[in-house]
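Next up: some structures, all given as C-alpha cells.
Here come two complexes built around subunit A, the first alongside subunit B, the second alongside subunit C.
Right after this comes the complex of A and B.
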C-alpha cells in the first residue's frame, strides 16, 4: 500500500548510498508507512511482541554462555546462573518470564485478529505466517522449559514426546528418533538445547515475512473498512504509531518487570526445583500455563490417538480459518451474533486453561452428594473440558461458516475517516 | 538457410533427457545428503548396545515393589500377594481392552514353571510415558498413573483411563529361581 511520497535523499552521501544499497529507503518505507488513523490499543501487541522477541534472543544468548546441556550439570548450571553469575538473578527470570509474556501478548494479538477479521482477504497469508510463528513459539517454549532439567522439565518432555507414539506403525520410531535413545535422556537434552537456540532465529525470519505480508495490503483496522483515501484515512506509522506502540510497550514492560522483580517464580512450578528423576513421576503434571487449554483438550478425549489429533487439530484449524469464515464483513463490531459467539469462544479458551490446570476428576461445581459413598457429585473438569473442546471446534467449523450466510450485519461506516469523525465531533 | 535452423522442438529428446537426468541426480543427491542429517538423531551405537540388568528377586518382600533402571527406563519388580494373584486370575479376559491372561504376563523359569508371585514390567504408562504409582493404587488394586488417570490391575493390565495397552513386559529370563536378567 503506497500513497506517501517515498524517501528523498538530500545530501550527496545519502544519494551515493541510496544508489548502491538502498537500506535507508527500506527503513523509511517501513516506518513512514500509511497506517489507518483509527487503530486502538489492541493493535499495539505486534510491536510489544517484537520487543519481547528481541529481549528473549538477547537474554537467551547470554544464558547459553553459562548453561551446560548435560543431564548431570544442567540443573546445577541453572542454579549457578541464578545465584552466582553477575546479574544472573535477573537475566534468568527475564528469559523465563519473558516466554510467558510473549505468549500472553501473542494470545491477545491472535484474539484481536479473530475479532476484527484480520485474517480475511487480502490478509490470509499474513495470518498463516502468524500461525506458523505461533507453532514455532510453542515448540521453542517447550524445549526451553526442558533445559533446567527439573522434574516438570523431564516429565513434560516425556509426555509431549510420547504424543508422537500415538501414531500407528511409525509412532515408536518417531519417539526414539526424537529422544536419541529409549527414554528422555542426555541426547534429548542436547538436541533440545541446540534447537531451542536456533528456532528463535527462524521465528525472527518469519516475523520479517509477517511484516512484509502486512505491508502489502496494509493494516486492518477496528472498522474492518479498507483504506479508500490515503490522505484522509491514514497517518504515517512514525511518529503516530511509534509513539502509541511505545507507550503500550512501556506499560507492558511494567507488568513484565513486576514479575521479574517481585514474583519471578509465580508462573513456574515448584516441582521444577526438584532435580529430574526418571524413576518418579510428580503426582500432578501440568504444563506451563500457556499450553493448558491444549492439555485439557488432550485429556478430554478418552482415546490416545484421538486426544492427540484433537489437540493438534485445534491449531491446524487456525490455518484454514480464512476460508471457514464466510462473512464478507471483517470486523465483529458490526456482527452482533458473531461478537456474542466470539466472547463465548474467549471464555471457552480460558475455561479450557482452567480445566487443564485441574485434575480431571475434580469438580467445577457441586450439585449434590452420591447416595452410596457420600462423595460430592457435580460437573467434573473432564466433562467441563469436553464441553468446551466441543465449543472450540463448533465455533470454527460450524458457527463461523454458517453465521456468514445467515447473520444480518449492522451498517458499516463509509470510510475510516467518517468512522473517526462521527464518534468524536461532527464536521460539515 | 533451412538446414542451419534447429528449433528446440526438432530435437527435444536430448535436451529433455539431460534436464530430467540432472533433476533426478539432484533429487537422489539431496536424499543421500539428507539421510545422515536425519539418521544422526536416532539412538547412537552406545545407547543401542543392549544393556542388561540383573535383579535378585529374593530381596523383594511379599507385597513390595522395587524399581530398577534398565535402558534409562524404570522397571517394576513386584512380589505379589496371593490376594493380588487371585484378583488377576478372576478377571474375564474377554472384557479387557488389551486381552491377556495372568500367565501371559509372566515368563517361565528354567524349569518351565511360572513364578506367579513375581511380576516384572516396564514402569511406563502406555498413554504418555509417566511412571504409574504402585502398591495397590487405583481402582483395580494395581497401578495408577497420576498424569492422566489410567488404572492398571494387579497383572498390570489396562482397565480404565486413556492408556491403550497393558504395561509392557521387558525381555527377561530367569537365571535361577530368584535371579532374573532383564534385557
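Right after this comes the complex of A and C.
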C-alpha cells in the first residue's frame, strides 16, 4: 500500500547510493508507511515481539559463549553463568523469562488477529507466515528448556520426543533418529543446542517475511474496514506509531523486568534445579506454562496417536483458518455472535492451560461423594479438558464456517476516518 | 516475597490464567510458616544469621551434604555472609583465607604424575564429604544426602520447606505408622519417613555471638545460609531491579508525554 511521496534523496551521495543500493529508501518506506489512524493498544504487541526477539537473540548469543552442551557439565555450566560470569545472574533470567514473555505477547498478538479478522483476505499469507513463526517458537522454546539439563528438562524432552513413537511403523525409528541413540542423552542435548541456536535466526528471517507480507496489504484495523483514502484514513508509521509502540514496549518491559529482578523463578519449576537423572521420574512432569493447553489436549484423548494428532491438529487448523471463516466482515466488533463465541474460545484456551497444569484425576469442582468409597466426585480435569478441546475444534471447524453464513452483522462505518470522528474514544 | 508473590499471582491469573508453580503449591504436607530476612522485593540476607548458618553447615551438615557448585571465595563476595568492604576482593579477605585453610583438597597431577593433597584456597569449591554417589549412599543407609548448592531453589517454598523438615522430627511415629528400617518419622516430609536422622539438637553448636543454639534458631540460620548459597546474587539483583524499575517508569512517562504530544492534533 502506498500513497505517501516516497524517499527523495537530496544530497549527491544519497542519490549515488540510492541508484546502487536503495537501502535508505527501504528503511524510509518501512517506517514512513501509511498506517490506519485508529489502531488500539492491541496492535502494539508486534513491536513488543520484535524487541523481545532481539533481546532473546542477544542474551542467547552471550549465554552460548559460556554454556557447555554436555550431560555431565550442562547443569553446572548454567550455575557457573549465574554465579561467576559477569552479569550472568541477569542474562540467564532475561533469556528464560524472555521466552515466557515472548509467548505471552504472541498469544495476545494471535488472539488480536482472530478477533479483528486480521487473517482474512488479503492477509492470508501474512497470517500463515505468523503461524509458521509460532510453530518454530514452540520448537525453539522446547529445545531451550532442555539445555539446563534439570529434571524437567530431561523428562520433558523424554515425554515430547516419545510422542513421535505414536506413529505406526515408523514411530520408533523417528524417535531414535531424534534422540541420536536409544534414549534422551548426550547426542540429544548436543543437537538440541545446535538447533536452539540456529532456529531463532530462521524465526528472524520469517519475521522479515511477516513484515513484508504486512506491507503489501497494509495493517488491518479495529473496524476491519479497508483504507479508502490514504490521506484521511492513515498516518505515517513514524512518528505516530513508533511513539505509541514505544510507550507500550516500555510498559511491557516493566512487567518483564519485575520478573527478571524480583521473581526470576516464578515461571520455572523447582525440579529443574535438580540435575537430570534418568533413573528418577518426577512426581508430575509438567511443561512450561505456554505449552499447557496443548498438553491438556494430548492427555484428553485416551489413545496416544489420537492425542498426538489432536495436539498437532490444534496448530494445523490455524493454517486453514482464513478459509474456515466464511464471514466477509473482518472485525468481530460488528459480529455480536462471533464476539460471544470468541470470548468463550479465549476462556477455553485458558481453561485448557489450567487443565494442563493439573493431574487429570483432580476435580474442577465437587458435586458429591462416591457412595461406595466416600471419595469426592465431580467434574475431573480430564473431562474438563475434553469438553474444552472439543470446543476448540468446534469453534474453528463449525462455528466460524456456519456463523459467516447465518449471522447478521451490525452496520460498519463507511471509512476509518468516519469511525474515528463519530466515536472518538471507543475502546476495543 | 509476599508482594512479589501477589504480583505474580495477579499477573498470572489475569494474563496467563495459570502458572506451572501454582499447580504443585497445594500438594504435600503443610509447612510451617516462618519469615526470613531475604523475602520480599527489599529483602536482604541477614549477615549474622547467614554466618551462624555457615557454622551449622560447617560443623554438622557438611559431614554428609556436599555443596560442590559453591566456591569458598563466594562467602566473601558482595552479598555473601563474610563480605568485608575493606577486602572487596574475597581472595584477600583474611576470614575467607582462614575458612579455606580448614579444608583439604586433592590436586594434581604433579610433575611426577601423582595426585596430592593440599590445603584449600579461596578459589576452590567446597570439597564433598564423599567421593561419589555410591559412597554417599553406602554411608547413609541407601539414601543420598542432597547437594546444598541450589537446594533451596529446588524445592517448592524452599526456605519454609527446609525449615519445616529440620524442626518437625518426632521421636515416636504415631500409631498405625510402621517405620521402615533406618527411617525416622518426620511429618513435614512427603510420606512421613525420612532417611536423615534428626540433624539438629539443642546446643549442637556454640555460637560465638552468644545466640542460644536452639533447634529453631539453628534451622532458621542454616536456611538463611542455604538460601544465600542457592542465590548468591540476590541482593545485587534486587538492587539493580529497583534502579531498572525507576528508570523504566521515568522512561514510560516520557514516552507517554511524547505520545500525547505527537498525537495531539489527531483524532483517533
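Remarks
Note that the second predicted complex is superposed on the first by the 424 of 428 C-alpha atoms of A that agree within 3 Å, B and C clash if a C-alpha of one lies under 4 Å from a C-alpha of the other, contacts with A are read in each partner's own complex, and residues count from 1 in each chain.
One rule holds in what follows: a contact is a pair of C-beta atoms (placed from the backbone, for glycine too) under 8 Å apart; a residue touches a chain by one contact, two chains touch by 3 or more.
Keep in mind the model is a prediction, meaning the values are calculated, not measured.
For the composite obtained by superposing both complexes on subunit A, the positions of subunit B and subunit C are free of clash and fit together. Of the two partner chains placed by the overlay, neither subunit B nor subunit C lies in contact with A:74. In the superposition on chain A, A:106 makes contact with neither subunit B nor subunit C. By the touch criterion defined above, A:284 reaches both subunit B and subunit C. Which of subunit B and subunit C touches more residues of subunit A is settled by the count: it is C. Judged by the touch definition given at the top, the superposed model places A:187 against subunit B, while subunit C stays out of reach.
Of the two partner chains, subunit C is the only one that A:82 touches; subunit B does not reach it. Residue contacts after overlaying the shared chain place A:62 against neither subunit B nor subunit C. After overlaying the two complexes on the shared chain, residue contacts for A:137 are found with neither subunit B nor subunit C.
Smallest inter-chain Cα distance, subunit B versus subunit C, after superposition on the shared chain: 12 Å.
Common to the subunit B-facing and subunit C-facing surfaces of subunit A are residues 284.
On subunit B, the positions that touch subunit A within their shared complex are 38, 41-44, 47, 67, 69, 71-74, 123-124, 127-133, 145-149, 161-164.
Interface of subunit A with subunit C (complex): residues 37-38, 76, 79, 82-84, 89-90, 104, 235, 239-240, 243-244, 246-247, 250-251, 253-255, 257-258, 260-271, 273-274, 284, 286-289, 292, 350-351, 353-354, 357-358, 420-421, 424.
Contacts from subunit C toward subunit A in the complex involve residues 4-5, 7-8, 11-12, 15-24, 41, 69-71, 74, 149-151, 153-156, 158, 230, 232-233, 236-238, 240-242, 244-245, 248-249, 251-252, 255-256, 258-259, 262-263, 266-268.
Interface of subunit A with subunit B (complex): residues 155, 158-159, 161-163, 165, 176-183, 185, 187, 191, 278-285, 298-299, 301-305, 307, 359-361.
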